[in-house]
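The same chain A turns up in both complexes below, where it pairs with chain B and then with chain C.
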Partner chain A sequence: MFVLVVGGGKVGYYLAKELVESGHEVVLMEKDHARADQIADEIGSIVIAHDGCEGKYLAEAGANRADIVAAVTGDDEDNLVICQMAKHHFDVPRTIARVNNPKNEELFKHLGVDELISPTRMILGSIEQDIPVHELLHLGSLGGSDLELIEAPLLPGSSRSRRAVRSSRSSARDVRSRSGRTRSSPKATRSSRSAARSARRRSTASSSGTPSRSADALAVCGRGVAFALAERT
Partner chain B sequence: MPNPEQTVVFRRAVVALNGGSSDARIVRLAAGVARQWKAELVAVHVVEIDWTQPLDADIAGRSEDVQRVLDLAEETAEDCQYKIEPVLLQARDVGAALVDEATEQRADMLILGLPYRKRFGGDFAIGSTIPYVLKNAPCAVWVVREPIPEESA
Partner chain C sequence: MKVVIVGCGRVGAVLAEAFEKAGNDVIILDRSTGAFDKLPSTFRGNAVRGDGTDEDVLRRAGAQDADVFLALTEGDNRNVMAAQLATEALNVGRVLAKVNDPVRAAAYADLGLATICRTNLMEDTILGFAGLSTAQRPPILAPQRTHPGGEHHRAEAEPAAAPSEA
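Right, the complex of A and B next:
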């Protein structure tokens, strides 16, 4: 596979290095000549010391035959421009962008970037899992939808605590009633299969609850916790 | 007969051809030295492939100009009554390819020519290949600079 990596920072450097070691054909673009020379000394002659935001240099780097373009500079605007050119001018089948500011994610999606990697979002998600800053914990987003998997504690004396769930409708309501934030949505049915699988794995690992799935929502209750599929707020 | 007390200069040398006027000169020099020690000579011509094409694209093999560079090296070596093994490579970077080839061939000498450029007023443009090879080659490197033509001197 021919991968064009734009941006020779830490991410670009290690990405290119790993890809080369895996046997892929890689070219890395880095506009800083000193940094480009340094990378070339360490990885080999796969570095083009030019700005990947310029179409002529992307062409020079072989964007016309790239299978993947990964824009991993520290600048969201540059990453967006690179992916846009790769996608629309060079017909690259797959574009991947690093998004530093999570607020830009929607814009990137809207403008047709195939995959977004947001380190900020990932770290934020991880922190929210470990430190319960909200009553509902974000466990993960479901790609391509407005849904997320959340975890919520059950109140002492909840009718669902330590009990197998027979009706997911009622368990979903159980979660909703605690926060008023979670809403069941018709959209949930589209992703419920994959969500059910991931929820089931988590449920098995952390509790002895029984997962169930209904037409409009998903909820899994275990010992003192409930997992639910909720619309992203 | 070589003096047995003399140090062997090389046992196997890679001769880098650039398709320029210095090629015949370095092949003659290499053959002259190699004969004393019965050393092996490998003539390497590297064709640089830009990133718009895959590295294994059939470019060098089809080019008559490229074949001519190796033919000339072989003919020059024959004139010196010595044998040279021709190797044709395609690479992204000439310097890196020469260093890799010298390593792979277990060469103890890499010989390059630096042609005199008659255009643009005439000078020696050292370029990027020679500095790269000088910096990275695992073996000894012999750079043969052409003499400055009399009319330019």
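Right, the complex of A and C next:
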């Protein structure tokens, strides 16, 4: 695969190095000449010492035949423009952007960046797993869908509390069959989304004791917590 | 009219003054307070220190629902991002981004963003001055289509003409 990495900071450097070691074709763009030389000394002549935001140099770097463009500079606006230029001007099939301000994630996705990596969000998620500040705890995202896995405490009186995990799993299946789709539905995300919708109706109706924001799809629960699939807000 | 200007350089400052003199509400942002020294002491608009690519900062400055949004910093990418934020998240009427790289200026016009390119402007003007023929490019590259996700974009129904108030 031909991967074009833009930004020769720590992330770009180690990314390019690992990709080269696993046998991929890599070009790294870094506009700072001294830094570019330093990287070239260490991993070879795969470095282009030019600004990867500039259309001319993206073309020179072979952006039009890249399989993946990874924009990993420290500036969100640069990463956005690199991915948009790659996507719309050079028809790159897959663009990946590093996002520093988690608030930019939605905008970037909306503007056509294929994949977003937010170190801030990751660290935040990691901290929040230890210190539950919200009633609904983010556990992870399901790639390629608008769904995320959350943990929610069950309040006393919830119809879901003190249920065995097994019986709750069957309720998840129940949810799916209620949505009117079979498990072998070709559009998995669509079916799970509609399962989430139908589950939202179900859980708001049945579990009066759950926290204020009701779980979207009850998947597994037990020991006073519920793990749920929720449509990302 | 509510006018938002991101970047208080020479161009940003003179435009802020001109819009204000014409009776408009002007909000001008810059990352450094020193930049506001370029504004005349009589300027009565709102000068806000902050990053114009940060949605929170723009909202706090009151940029939402502006009629005109001009991204005029020295960074092409900052301008492009601020302008796209204005289009996508802030419900702004007319949005213009200064993009000095001709390739990016054309690419973003194709993507649905009005851009102005100093390189093109000066090239055409100087070649014309020297008596050579020029590419006859319009000074502002008009958006070639609706910005992605810009279905709520108020300017959509308007003709894609360049704002001439300045």
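The criterion applied here is as follows: the second predicted complex is superposed on the first by the 162 of 233 C-alpha atoms of A that agree within 3 Å, B and C clash if a C-alpha of one lies under 4 Å from a C-alpha of the other, contacts with A are read in each partner's own complex, and residues count from 1 in each chain.
One rule holds in what follows: a residue touches a chain if its C-beta (ideal position, glycine included) is under 8 Å from a C-beta of that chain, and two chains touch if they have at least 3 such contacts.
Just so we're clear, the structure is a prediction, and the values are computed from it rather than from any experiment.
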Note to self: Quick check on the superposition: with chain A as the shared anchor, is it clash or fit for chain B versus chain C?
What the structure shows: fit
Notebook entry, point to check: Which chain, chain B or chain C, is in touch with more residues of chain A?
Noted result: C
Next item on the list: Kindly classify A:Glu30 by the partners it touches after superposition: chain B alone (first), chain C alone (second), both, or neither?
Entry: neither
Notebook entry, point to check: Who does A:Lys56 touch here: chain B (first), chain C (second), both, or neither?
Noted result: second
Next item on the list: With the two complexes superposed on chain A, say which partner A:Glu148 touches: chain B (first), chain C (second), both, or neither.
Entry: neither
Check: Once the shared chain is lined up, is A:Asn64 touching chain B (first), chain C (second), both, or neither of them?
Finding: first
Note to self: In the superposition on the shared chain, how near does any CA atom of chain B get to one of chain C? Answer in angstrom.
What the structure shows: 18
Note to self: Residues of chain A that sit at the chain B interface in one complex and at the chain C interface in the other, please.
What the structure shows: none
Next item on the list: State the interface residues of chain B toward chain A in the complex, per the touch definition above.
Entry: 50-55, 91-93, 95-96
Next item on the list: Show which residues of chain C lie in contact with chain A when the two form their complex.
Entry: 53-56, 75-78, 80-82, 84-85, 88-89, 101-104, 107-108, 110-111, 148-149
Next item on the list: Using the touch definition up top, name the residues of chain A that touch chain C in the complex.
Entry: 53-56, 75-78, 80-81, 84-85, 88-89, 101, 103-104, 107, 110-112
Margin query: Under the stated contact criterion, what part of chain A meets chain B in this complex?
Written below: 2, 25, 27, 44-46, 48, 59-62, 64-65
